[in-house]
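Notes for the one structure printed next.
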Amino acid sequence: MTDTVATMTPLSRTQMAQRLAHDIPEGWYVNLGIGMPTQVADCVPAGREVIFHSENGVLGMGPAPAKDAVEPWMINAGKQYVTLVKGGAYVHHADSFAMIRGGHLDLCVLGAFEVAENGDIANWATSENDTAPAVGGAMDLAAGAKRLWVMMDHTTKDGRPKLVKRCSYPLTALGAVRRVYTNLAVLDVTPNGFAVVEMCPGLSFAELQARTEAELHKAG
Amino acid sequence: MTDTVATMTPLSRTQMAQRLAHDIPEGWYVNLGIGMPTQVADCVPAGREVIFHSENGVLGMGPAPAKDAVEPWMINAGKQYVTLVKGGAYVHHADSFAMIRGGHLDLCVLGAFEVAENGDIANWATSENDTAPAVGGAMDLAAGAKRLWVMMDHTTKDGRPKLVKRCSYPLTALGAVRRVYTNLAVLDVTPNGFAVVEMCPGLSFAELQARTEAELHKAG
Amino acid sequence: MIDKRVATIAEAMAGIPDGATVLVGGFGAVGQPNALIDGLIEQGAGGLTIVANNAGVGHVGLARLMELGRVRKIVCSFPRSSDSSVFEGLYRAGKIELEIVPQGTMAERMRAAGAGVPAFFTATAVGTKLAQGKETREIDGRTYVLECALPGDVALVEAWEADRWGNLTFRQSGRNFNPVMAMAGKTTVVQTQHLVELGELDPERVVTPGIFVDRVLHVPYGDPTGF
Amino acid sequence: MIDKRVATIAEAMAGIPDGATVLVGGFGAVGQPNALIDGLIEQGAGGLTIVANNAGVGHVGLARLMELGRVRKIVCSFPRSSDSSVFEGLYRAGKIELEIVPQGTMAERMRAAGAGVPAFFTATAVGTKLAQGKETREIDGRTYVLECALPGDVALVEAWEADRWGNLTFRQSGRNFNPVMAMAGKTTVVQTQHLVELGELDPERVVTPGIFVDRVLHVPYGDPTGF
């Protein structure tokens, strides 16, 4: 399954971020998880106002500062230096998570180890035997945001599918994922399972299915 | 029972307020209920810093403004114009009541219709048939403050006792009252019932008992 | 460009349906969104549930809305005031439903709605008639009553300053219920004394971030009068 | 005169007993009360339960406190970081207890402790191993888990400005857990970058009113470094 199909190039991370950012409408309040999703912020089309939230009490997060303009009191949930845009505001942790848990975020984008066809997501612990996994705000975000999109590679580095029938890793939330953006496809989570919205050019449905444990459907 | 004892003059409201204010130590955070207790703020001995809280989000409430210095945006829970002292702050209603309900107020002083010897207080509805009584913040204050003191006349206008065995009016809170300041006496609520701490000069214990339904004890 | 400003009271009130639960900010006259209440009177929705600290004064504002028969139920802590005769008349006539809630429980129930908490335990009202019929539980030796979240379909809020993203500040004791209701309203409509440019509000001083706000109407009416 | 300022770290730490639950503010290095943590190391209390977002980095601060065997249990959302080897070593050796809590649940549990809410329902963690053994309930068609308040005997907090009444402001993302922990701590100890005169803080801009604060120590250390 890890063989490269001659006519197909998987999306790069930047392309994945661009593809996802394309689908975020103006005016949405969005939280981007640590890691791969963070890049989405830089890919929002110019002139489109999207407001980014960070768990540590920053609403209206802007891009990373220039090296000589770092503000040491201004970090995001990934503990990277960030800026605040005009119109941004600071709140404390309970208020920040009230935004998340109270359903005020239009979108959260998380990375994941696995997404199941019923929308379950596993993204915080790599095994049941991982005795001290770090959950951070992932469970709050997955359960709280109006929509959860996942951004991840379609398979693991060694080619195992990450879109599965049922998650084998410890769950982050039940039935929360609405859409998945991978390096091979965009898929909606529907009552019937994964529906393929879009595929990487040059990739066939059968080839995508071969890289996916769960059964794929064509989007209506 | 309403006969005046020749040698005894009940405390005036101002004297009651002064007596109670005398017992508030420096540094306490205090909420004064609407009506009679409001006057306590003006009676705190000069130089003693006591911080007054008002339910509508004012911490550090100061005295009423001069007539020509009224700030129309600055009222207390009794909807009277007030001022803010140096060091005061504004909060919203949920934060204001977090101070009350979270046990952060050292003292609340309320008026009451009745106080029972077990510390029950009734101060919000005049009868079970009062179908639209106004509770305001009374139940939050009675249940939430570290201590509840009651300031009220010892008897009703027509001479009925207000310190009772069991409240007959609808309750505000169970077992909440610690101390009662009346125009005749200061009484602690103890596991054994009301203990008389102090009486109005010229009043005998028997005369006080005659004006009280609950059995009185002498404070140890 | 995100622009939550609306130009007219009709836009501010658009889409409020019959039967809606409407949270109305203010404590007494201070921080009370009078222009929005008048707009609601004009707009016509009926069968409303109103959540407000008081049940209206005189024959204006909330009292007028009730007098017009548009309020099915009121949820408040202090139904009586110097002149709450409209409410009292309707209530005695059985034409309006009343839910009395302790003021702090009311604030906390709305904060809970805004924070994703469907129910919580509190010591307030335990053993009183306001807790009758409610679930109680002993936790660490004290008895608590279970209270549920109080969300609004709409929140009507008054602010001191607002920008086009809906960031808000309030003035002195005009803050009161307004930020809490902004959190709890599915659609939050704000009337503001001052409209400022984006970036003018100090991010450390914003009380209600725009995420809790949907529409902003500029109503520079001046100082509150009367109670 | 109310004066919550203390002159020495010893006064700031006075009376913290063995077995205390200590809430420690900050997110990464930002808003972390390093001087107070060092003071706690110096002070000597052991058998502590530490509540903090992380489980310490390197061999300083919280990691040092753990390394000295003074921490019985840690409650946090993110025990692992770039260098959390002290915690991990102790944990593998069975020498420290760990309670992992979703970050928002942790914040809300402390806010609840400060607001008189002993327990509340939340959707976070439903169906996951962090909800195992906890009471669940279906409310309006959704399943929630019951979480209890998380109070501290002591809260260690970093502020940007403070006055002698303990009114606090914070700097940018240094706000994070600090105001919530200040509410939840029975005794709240603050280290502040700036001490200001009473009345200097704009009452509209105070984030933590002094009612939540017990002791204020002036620690003008400058900018946070490292994570």
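All chains are identified by letter, namely A, B, C and D, in their written order; residue positions are counted from 1 within each chain.
Just so we're on the same page, contacts are C-beta pairs under 8 Å (C-beta built on N, C-alpha and C of every residue); 3 or more make two chains touch, one makes a residue touch a chain.
The structure displayed is predicted, hence computed values, not measured ones.
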Under the touch definition above, the chains in contact with both subunit A and subunit D are C
Between subunit A and subunit B, the fewest steps along chains that touch one another: 2
For the pairs B-C and B-D, output the one whose chains share more C-beta pairs in contact. B-C
Take the average of all CA coordinates in subunit B, do the same for subunit C, and state the distance between these two points in whole angstrom. 29
Roughly how many whole angstrom separate the Cα centroids of subunit A and subunit C? 35
Using CA atom averages as chain centres, what separation in Å is found between subunit C and subunit D? 33
Subunit B touches at least 2 other chains through residues 84, 90-91, 94, 97-98, 100-101, 144
Specify, in ascending order, the residues of subunit D that touch 2 or more different other chains. 108, 111, 115-117, 122-124, 170, 172, 203-204, 207
May I ask you to sort the chain touch graph into line, ring, star, complete or other? other
Touching pairs of chains, all of them, please. A-C, A-D, B-C, B-D, C-D
Complex interface listing, subunit C residues touching subunit D: 108, 112, 115-124, 137, 139-140, 142, 144, 148, 169-170, 172, 202-205, 207
In the complex, subunit A touches subunit D at residues 54-58, 71-77, 79, 84, 90-94, 96-98, 100-101, 125, 128, 131-140, 143-144, 170-174
State the interface residues of subunit B toward subunit D in the complex, per the touch definition above. 26-27, 29, 49, 51, 53, 59-60, 84, 86-91, 94, 97-105, 144
Looking at the complex, which residues from subunit D come into contact with subunit B? 1-2, 111, 113-117, 163-165, 167, 183, 198-199, 201, 203-204, 206, 209-212
Footprint of subunit A on subunit D - complex, ascending: 27-28, 30-31, 77-80, 87-88, 91, 98, 100-105, 107-108, 110-111, 122-130, 170-180, 207, 223-225, 227
